[in-house]
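Some structures are shown below for you to check.
What follows is chain A paired twice: with chain B in the first complex and chain C in the second.
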Partner chain A sequence: MIYLDNAATTQTKPEEVINAVVDAMHRLGNAGRGAHGASLGASRTVFDTRVLLQEFFGAEDPRCMVFTANSTESLNIAIKGVLSKGDHVIATVLDHNSVLRPVYSLEEQGIEHSFINADPMGNPVYEDFEKLIRPNTKAIVCTHGSNVTGNLVDIKRVGEIAHRHGLIFIVDASQTAGVFPINVKEMGIDILCFTGHKGLLGPQGTGGMYVRNGVDVKPLLHGGTGVQSYNEHQPSEMPTKLEAGTLNGHGIAGLDAALRYINRYGMTSIREKEESLMKRFYEGVKSIPDVRIYGDFSSFHRCGIVSLNIGDYDSSEVSDELFTRFGVATRPGAHCAPLMHKAMGTEEQGVVRFSFSHFNSEAEIDEAIKAVNILATE
Partner chain B sequence: MRHEKTNYMVFAFHTTTSAFALEKYCQKMDISGRLIPVPRQISAGCGIAYRMTLPEYDRLPEVTGKNDLSPEDCWTYELSNRDIEIETVKMLPL
Partner chain C sequence: MRQKELKLVMTFHTTSDAMAFEKQCKTDGAPGRMIPVPRAITAGCGLSWCASPDDKGALLNVIRKLSLSNTDLYQCMV
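Take a look at the complex of A and B:
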C-alpha cells in the first residue's frame, strides 16, 4: 500500500516510538499515583515529555503543558473552558468539526459565534476578523493549517488582532505541530491545541494543550488526580486542573520518543521532504485534464496536502478506485470540515485528499500520479 | 515497622509536575533526596513529596539562591518537631 493519508494520521512511526510504547507497557505504573518505582517511572516519563513539549512550543513553564487524548479533547477543554453565557466567539470556515461542534454546542448556553469566511483560494479573509469583533467577544479560535486544502493560516497576524482587542487566542495545530515551528510566545498564542499522532509522529490517543499562565480555563472533567484527595473540587493548579483521570502513560512514552526523533532528525528536514513530495505530486497532476486542485499553491510552504477532484466523479468512488486498483490510500469526502467544503462548493462531491509524510518516497508519489492520470483519462 | 528517627526536610506540592521538577533539579545539582508518598503530618490526602536530609537541605539555598526558594508551589515541613513552617517555593529552574 502507498499510504497518502498522513493528514488523518501518520501511519509510519519511527521505530523508536513503537519500542518506547512496548517498553512502557512492560514497566510503567500509573503516573502520579504513589511513590513506588513503577509509578515514579511513569511520572518521570510524563514529566520529561512535558518538559520536551514546553521546549518544543516555547512555553514558559512545563506546568502550562496539559496532556489530553487528542486535539478534539484539547479544543473542547479550551472552548468550553474559557467561554461563559453572554460571550461571543469567532472561528473560521477553515476549522474542523473539533472546533465547530463545541462552538455550536454552546449556542444553547447563550454563547454566540461568528465565522470568518474564506477567499476563493481557501484562505481566511483576515480583514474580517476586526469587523466581526463585538463588545462581548471573548476569544478567537483558528486552525493553523486547513486539513482540507493544506493552506497555512498566518497565526501571528491573527494573534496580533486578538491581543489588540484583549481576546483569548486559541489555535488548533492538529495539522502543523511537529512539521512547522510553533512558538506560542512569538505567535501570541494563549491556548495551543495539538494531537500527538499526526505530524508529531506519536501514538493515537496522545495529545495536549498549552495554556498560557494567567488564562483561566474551567476544567471539562473532574476526577482523580493523585493529589489533594480530600478536596471536593478539582484542584485549581495547572496542569492537574485539566488532567482528571489516569494519563495515557504508555502513549506519552511513545510521544516522548517521537519528540526526540523530530528534534534529532530536524523539523526543517521533515518539512522540506514533505514540501518536496507535495510539489512533485502537484506538478505531476495539475495538468491532467479534468483534474481540479483546491487550495492556495502560490507557495509550497504549506501543509503536505493536495486535494483534488477528477471531473464530476464522486470523490469516494475515486478514492476507492485509487485503493482497490492501485493500492493508494487517500481520504475522500468532507474531512470533518463542512464549512470549508461549503466555501469551496464541494459539499456534494467532496474532494480526494492526498497527504504526505517524510517517510514517503518519490517513487510512491510517481505511482500515485500515474494512478490519477489513468483514472482521469480512461 | 521500627526504624530510627531521622530529621528530614520534606517538600510537598500542589501538583505532581512540581515534584518531578524538584527531583530533576536536585539531580542536576547533585543534592541527595528522594520522592516519597506525602507523610500524614503534611496531608491526609495522597500525593508525592520530596524528602532530603537536613544537611542536604542546607545545601539547597547555596546552590539555588534564597530568592529561588520563594512563592507558589511547595511548602517545607520539618518532621522532627512537627512545627509546620510554611515557606512557599516557586518553580525551581530545571
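Take a look at the complex of A and C:
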C-alpha cells in the first residue's frame, strides 16, 4: 500500500515511538496515583513529556501544557471553557467540525458565532476579522492549516488582531504541529490545541493544549486527580484543573519518544521533505486533463496536502479506484470540514485528498501520479 | 513496622509540581524522596517530598528556584 492519508493520521511512526509504548505498557503504573516505583515512573514520564512540549511550543511553564486525547477534546475544553452566555465567538470556514460543532452546540446557551469566509484560493479573508468583532466578542478560533486544501493561515496576523481587541485567541494546530514551528509567544496564541498522532508522529489517543498563564478555562470534565481527594471541586491549579481521570500514560510515553525523534531528525528536514513530495505530486498531476486542484499553490510553504477532483467523478469512487486498483490510500468526501467545501463548491462531489509524510518516497509519489493519470485519461 | 522518625515533609497541590520539584532536586543533588502524603498532614492523597529536617535549606532553595507557591513544609513523624 502507498499510504497518502497522513493528514488523517501518520501511519508510519518512528520505531522508537512503538518501542516506547510497548516499554511503558510493561513498566508504568498510573501517573499521580501513588509513590511506588510504577506510579512514579508514569508521573516522571508524563512530566518529562510536559516539559518537552513546553519547549517545543515556546510556552512559559510546563504547567501550561495539558494532556488530552486529541485535538477535538482540546478544542471542546477551550471553546466551552472560555465562553459564557451572552458571548460571541469568531471562527472561520476553514475550520474542522472539531471547532464548528462545539461552536454550534453553544447556540443553545445563548453564545453567538460568526464565520470568516474564504477567498477563491481558500484563504481566510483577513480583512473581515475586525469587521465581525462585536462588543460582546470574547474569542477568535482559527485553524493553523486547512485539512482540506493544506493552505496555511497567518496565525501571527490573526493573533495581533485578537489582542488588539482584547480577545482570547484559540488555535487549532491539528495539521501543523510537528511540521511547522509554533511559538505561542511569538504568534500571540492564548490557547493552542494539538493532536499527537499526525505531524507529531505519536500514538492515537494522545493530544494536548497550551493555556497561557492567566487565561481562565473552566474544566469540561470533573473527576479523579490523585490529589486533594476531599475537595468537592476540581482542583483549580493547572494542569490538574483540566486533567480529570487517568492520563494516557502509555500513549504519552510514545509521544515523548516522538518529540525526541522530531527534535533529533529536525522539523525543518521533515517539512522540506514533505514540501518536496507535495511539489512533485502537484507538478505531476496539475496538467492532466480534467484534474482540478483546490487551494493556494502560489507557495509550497504549506501543509503536505494536494486535494483534487477528476472531472465530475464522485471523489469516493476515485479514492476507491485508487486503492483497489493501485493500492494508493487517500481520503475522499468532506473531511469533516463542511464550510470549506461549501466555500469551494464541492459539497456534492467532495475532493480526493492526497497527504504526505516525510516517510513517503519519491517512487511512491510517482506511482500515485501514474494512477491519477490512468484514471483521468482512460 | 519500622520505628517512626522526625522528618521534613513538603506537600504539593498537583502531581506536576511534585515532579518538577523532584526533577530539580535530582539536578541540584538535594536529598530526599517522594512518599505518599502522610495522613497526619492530609487524607487527601497526593505526593510529598520527605527529607531530614537538616535539609530544609536545600529544599527551600529548590522551591525558590522553581517559584513554587503552592507548597507547604511540615515536620512530622514518618
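In the analysis below, the second predicted complex is superposed on the first by the 378 of 378 C-alpha atoms of A that agree within 3 Å, B and C clash if a C-alpha of one lies under 4 Å from a C-alpha of the other, contacts with A are read in each partner's own complex, and residues count from 1 in each chain.
Just so it is clear, a contact is a pair of C-beta atoms (placed from the backbone, for glycine too) under 8 Å apart; a residue touches a chain by one contact, two chains touch by 3 or more.
The shown structure was predicted, so the numbers you read here are calculated from the model rather than taken from an experiment.
Student: Sharing chain A, do chain B and chain C clash or fit in the superposition?
Tutor: Aligned on chain A, chain C clashes with chain B.
Student: Just chain B (first), just chain C (second), both, or neither: which does A:122 touch?
Tutor: In the superposition, A:122 touches no partner, neither chain B nor chain C.
Student: With both complexes superposed on chain A, which partner does A:332 reach: first (chain B), second (chain C), both or neither?
Tutor: Neither: A:332 stays clear of chain B and chain C.
Student: So, does A:219 touch the first partner chain B, the second partner chain C, both, or neither?
Tutor: neither
Student: Applying the touch criterion given at the start, work out whether A:235 contacts chain B, chain C, both or neither, answering first, second, both or neither.
Tutor: After superposing on A, A:235 lies in contact with both chain B and chain C.
Student: If you stack the two complexes on chain A, which partner ends up touching A:50: first (chain B), second (chain C), both, or neither?
Tutor: both
Student: Could you pull out which residues of chain A sit against chain B in one structure and against chain C in the other?
Tutor: Touching chain B and chain C on chain A: residues 31-32, 34-35, 40, 43-44, 46-47, 50, 62-63, 226-231, 235, 237-240.
Student: State the interface residues of chain A toward chain B in the complex, per the touch definition above.
Tutor: Against chain B, the touching part of chain A is residues 31-35, 40, 43-44, 46-47, 50-51, 61-63, 226-231, 235, 237-240.
Student: For chain B, which residues count as touching chain A in their complex?
Tutor: 13-21, 23-24, 35-37, 43-48, 73, 91, 94
Student: Under the stated contact criterion, what part of chain C meets chain A in this complex?
Tutor: Interface residues on chain C, with respect to chain A: 12-20, 22-23, 34-36, 42-47, 70.
Student: Which residues of chain A touch chain C in the complex?
Tutor: Those residues of chain A that touch chain C are 31-32, 34-35, 40, 43-44, 46-47, 50, 62-63, 225-231, 235, 237-240.
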